[in-house]
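Two complexes come next, and they have one chain in common, chain A, joined by chain B in the first and chain C in the second.
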Partner chain A sequence: MSVNQALDTAPAAAPLKVRFGGLGTGLILAAVWIALIVATGLYRPDFFAQQTLLAVAFTMSIVGVLAIGQGIIGMSGSFIDLSQPAGLIGASLVAVRLSEAGLPFPIVILGAILTGMLWGGFNALIIVFAKLNPVIVTLATNFIGLAALYLVFQLAQVPLNSDIYVFGRQSWLGLPAIFWPMLALVLIVGFLAPRTRYGRRMIAVGGNRAAAKARGISLRATRFATFIIAGGFVGFAAVLFAGTAGPFNPSSANTLQLNIIAGVILAGISLSGGRGNFWMLLLSIGFLSTIPTSLVFFGLSSDTQSIFQGIILIIAVSIDGYRALRRTP
Partner chain B sequence: MTDTALKSEPADYVVPHHPVRDFLTGSVASIGITFILVLAVGLFWVGPKFVSFGNVSIMGTFLIVPLIVGAFAGFALLSGVVDLSIGSMVGFSSAIFALLLSMGWDPFSAAAVTLAFCLFFGAINAVAIVGFGAEPIAATLGMLVALRGITWVLLGTQGAIFAFNIELFNLVSTQVFGLPLFFLLAIGLTLLAALVVTRTRIGRHVQAVGGDDKAAARAGISVKRVRAGALLLSAFGAGLGGIVFAGQLGSAARATGLGLEFQVYAALMIGGYSILRGGVGNPVGGALGLLAVAGVSNILDLLAISPYYVNIIVGLLLLAAVLLDRLRGGDAFE
Partner chain C sequence: MRNFTRVAAVMALATPAVLGFVGIAEAQDKFKLGMAVGGNTCCEWMKAQGDVARAIAEQNGWDYVELSNNNDPATALKNAQIFVQEGVDAVIQFNGQPSSNPAISAVMKQAGIPIVTYDIADPGMYFVGIDNLGAGIAGGEALGQIIKEKWNCEPDLVISSEGAGAGIVNEWRTGGMRTGVKNICPDIPDEKYVSFEGSGDAAVALQPARDLLAANPNAVKMAVVGINDGGVLGLINAAEQLGRADEVIGWGQDGAFITGDNVNPHLVGSVFYFLEGYAVYAVRDVIKPVADGNTPPLKADAGDPASKVQPCPVTAEQAKGVPDMPERVTQLLAAPAGTTAYDLFCPNKG
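Now for the complex of A and B:
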């Protein structure tokens, strides 16, 4: 695939087709998203309301931050992190316990992020030293993690009127406060990933392990770094989750997983690694987060939401697979 | 392996064949040992009650659906594709079947129509994965969610369809020699699947496609046809499981089949299958994996230990099984 990628130097001017190839995904996504919005708006003009915007931005926030983590895992060639729910709930529990202890908000955030990083590091430890595939390792650690969390707690909630509780219910500039950190993180990660040495190493390892290794990139170190960083994003998502979720139990995050994976694939971030643009996550997650609200306006029950989500995922991966088939000679 | 390659003496081009050693280090042997270990722990901790007909009969009743589903889903794993949608397919199948029964259909035509629906959705999986080259895990994850949505819409606001058929219930809960008839049938099905895998041309084709699809294609096997067939079989098995489930419960509910895919695949992987590479595993090993996991959860149940420990043990067993698979020649991940 991307064997001749310049790693530690700025990339030379890429051919036009390559440069704008990524833009196609964005245009299609934007078009589909706008079509959905227009269709819903024509059917029910009251769809265009502040309330809709709030709901969509709210849904986007947690899923968006988790999708950054998933995107990092996918882009670096580790396929999928199925243990995000356990990591998220674990970090949320830490956030709850720290706020119950009355610690200041920055400490709460730091504690949650460190917990997420620790969880990512734990996964990486097994993956790197036992040389096992991340999909199965994270499947197993999610099993173990959620069961262990159930042994620790059944129901948890951040204390009323603590800083994190207030933050979860605030709104800035007409949108939920939790939306802005997500937006900032997607923009920053999307800017840094192809422009920094570490970002390019990560993409290189995902694109072609052997070539990256031949260039002197440590696969182990990169693997550790990607899992710990991705874990950090899970930890930060836990702050947003704990602040907004109300009472939650260890299974509360299981439903998020599909939207995250669908969002990452729709954004054109290849799960087999090496390709993708994090900025596209804003479009894909935005589109996926509009669907539930749209369905409500169309008068469809929330059960139909899964049907649409599932079909969209099947179509997205079929397109992804078809592209890959055409690329390989 | 590498040591022999380094020696300069000419290879004699005879593939070393050690049936006994292969058997002892093979996947069935390691799950067999695990199974015996679980039995021993059960006998030691719980006492003879653990292997009493009553207790085995209870375990067997719960194992019927996973055994049926696992025996068919194993073909997909063996051919190198994984079908995550089996759990939802079981739920969907039981919902359709219960719906048709509640509309007054006779069980046989209801079952036939249900299986046809399941094959239709299996065909969509096959088109996406084989036709378009979609990533199997992601595509069937989509099918899992879509089918769950369809099932919930079918079940309506009540969230359940009641379709109790006394003849069907009597048939499903028939006991033979103190064990459920359908449990014995499911074991028989597993043995039949094992025969197909190891002794027939079809089985060898499936293994060849899963082991190395390029080599299989060069040998003239249609990789696409085998994989599409395996995905259809997996959907068929899940449909069958759903029908039996609906017969057992006399109803279909939102929770029917929920999470069954993890239960089945965790057990199949513990039993020697791999969801990442095809060509390894055996239906007997898979069934022993299911029995071992059921045994563990039964032991904890009888000792009144928190059921969450089962998931921790299953997770650890899973990691151990994948490590063993890698040591036996699975791909190392770097």
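Now for the complex of A and C:
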């Protein structure tokens, strides 16, 4: 097919610039979040305390960084990365071992990030060269990764009073120290995504593969870069996880997936690619992180959290499906 | 001469066959023990249980067959059928997925093979296991003593880190610990007892623990109990992150995080089970009598077990003198037959 034929027959390309719309999404998220906070505060006025802020901010931190990686995967049209738990634990284990070896904290961070990137590259190799569905591949590699991790270790923990341990317990300006890197990353990625060549290519590939290819964008190279970069965020999240989790085992991160995926979808980042606003993650993850804390203030058991999370995920996936339908000509 | 040659040839050819038959006869006379280890890669002790059983079987001159249940009920049932085919004389199992236990019992009963089960009871199996309720009460009473000395029995909260997935074991351990605390400090009001679902995992327990602490912002003097050390550590770590760990004390179960270089100073004690050494109890009270032809009456109830494994509550200080599991296994196998890990390692015997 010639370039002209491709351009003639391809559906309209997604705009290269991410719309800052999603304003409607943001307003709805903010409204729901505020409503939840107000309702909880009316029921229990001690909800408005620094302890609550700390608890919610801690929960937001690790999930937020992982959601950036998940958002990159979604926006690039690779739908979803189900291998984040294995990647997170693997990189956390590297962080633990480097800490045990007494290496400086920056080296620990670098080691974890590189491990995450390697993990992302491993997924990308299979997806790109075997041309397999990313969802199936990452589901399989998660199983493989967790099984392999169980062969390597059963429990791991950073040394008490190591730099990473202390970092996980510090606070700055009234919020956890681990919150600030998450906030910075969300803001930076949200700013850079539509303004850098890689970001625009990622969005173009997610929005319309045929048109992106016609423009000369290498789908293979973009996909590779996407998974590696997303893996890097998993690696950084592993530093936050290892610093705060205490003793962990290979299965310790399995429960995070639900909130990450729901957070990405609620933020308006399309899992089928091409649209979304990373800044909205602050609202979606914030809202989702407040729910379990609110439930405890209402005196509800932790079992009810799963019910609410499941309902929210169904709503989120329905919204994403509805948006996809609306875009289909 | 020819006849002599013929006779010599027949004897030479027959000798291996005769020896073989004798060998088979001897093997058939030899007691054969089957062991199905749990097979969950989470836990080193499951493998160690097999190592100890194998060594004890060798010491007794028994044949030994070991299979892994792979933490899967269908595999556990299949292993039971393999044991029957192998002609074992008795079986020990740890089946972490007990839904297949009734079927396993039926298979063993039909084959006339006595079976011992560790820690999870079934009506058709000899029960050998820790007294989880006793372990809970012992840990709770030890913590209660500290609450009494430190806070005059006036804590702000007594927090339970639950692990509902463990079923009745969770009720025994965490409920037992609350009972133990109440035995020492009976006047702590009921509203001071709160709980959260920690799943027995320090990392998983972290977020619900933070939420519970946030919902009790004024609590300072907090005592923590839990289904295991990991669940208790989840609350302790959460308190550290919220800047409220100064007066938190925790008493765990299973001893997983009370030894080594990374013991959290707020984890003041735990209860050792010495899971790796269960075979000593099983062999002493069930398997050896079976091998000797004196099959004991079936005792399948956790409350009236075939053999009760004694829990060992220890403070963090006392735990420093307890060796790690590989060393414990080595010392246990070098000790006289019938010596339990409790006898060797518990600093609080009696």
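The rule we apply is simple: the second predicted complex is superposed on the first by the 306 of 329 C-alpha atoms of A that agree within 3 Å, B and C clash if a C-alpha of one lies under 4 Å from a C-alpha of the other, contacts with A are read in each partner's own complex, and residues count from 1 in each chain.
The rule we apply is simple: a residue touches a chain if its C-beta (ideal position, glycine included) is under 8 Å from a C-beta of that chain, and two chains touch if they have at least 3 such contacts.
Every value quoted in this text rests on a predicted model; they were computed, and no experiment measured them.
S.K.: Give one of first, second, both or neither to describe whether A:260 is in contact with chain B, with chain C, with both, or with none.
M.R.: A:260 contacts neither chain B nor chain C.
S.K.: Check whether A:311 is in contact with chain B, with chain C, with both or with neither, and answer first, second, both or neither.
M.R.: Only chain B is touched by A:311; chain C is not.
S.K.: Is A:168 contacted by the first partner chain B, the second partner chain C, both or neither?
M.R.: second
S.K.: Would you mind checking which one, chain B or chain C, touches more residues on chain A?
M.R.: Touching more of chain A: B.
S.K.: Once the shared chain is lined up, is A:151 touching chain B (first), chain C (second), both, or neither of them?
M.R.: The answer is both, since A:151 touches chain B and chain C.
S.K.: Is A:301 touching anything from chain B or chain C once the two structures are fitted on A? First, second, both or neither.
M.R.: Touch partners of A:301: chain B and chain C.
S.K.: Please work out whether A:137 is in contact with chain B alone, chain C alone, both, or neither, and reply first, second, both or neither.
M.R.: A:137 sits against chain B, while chain C stays out of touch.
S.K.: Show me the chain A residues, by the header's touch rule, that chain B contacts in one structure and chain C contacts in the other.
M.R.: 147, 150-151, 301, 303, 305
S.K.: Sort out for me which residues of chain A touch chain C in the complex.
M.R.: Chain A reaches chain C through residues 44, 46, 49, 51-52, 54-55, 58-59, 147, 150-151, 154-155, 157, 159-160, 168-169, 171, 176, 241, 244-249, 251-253, 255, 292-293, 295-297, 301-303, 305.
S.K.: What residues on chain C touch chain A, complex-wise?
M.R.: 41-44, 196-197, 201-204, 206-208, 210-215, 217-218, 230, 233-234, 236-237, 240-244, 256-257, 261-262, 264
S.K.: Which residues of chain A touch chain B once you look at their complex with the stated criterion?
M.R.: Going by the criterion above, the answer is residues 80, 126-127, 130-137, 139-141, 143-144, 146-148, 150-151, 209, 213, 219-220, 223, 258, 261-262, 265, 271-272, 301, 303-314, 316-322, 324-325.
S.K.: State the interface residues of chain B toward chain A in the complex, per the touch definition above.
M.R.: 124, 128-129, 132-135, 137-139, 141-150, 152-153, 262, 266, 269, 275-276, 306, 308-312, 314-316, 318-319, 322-323, 326, 331-334
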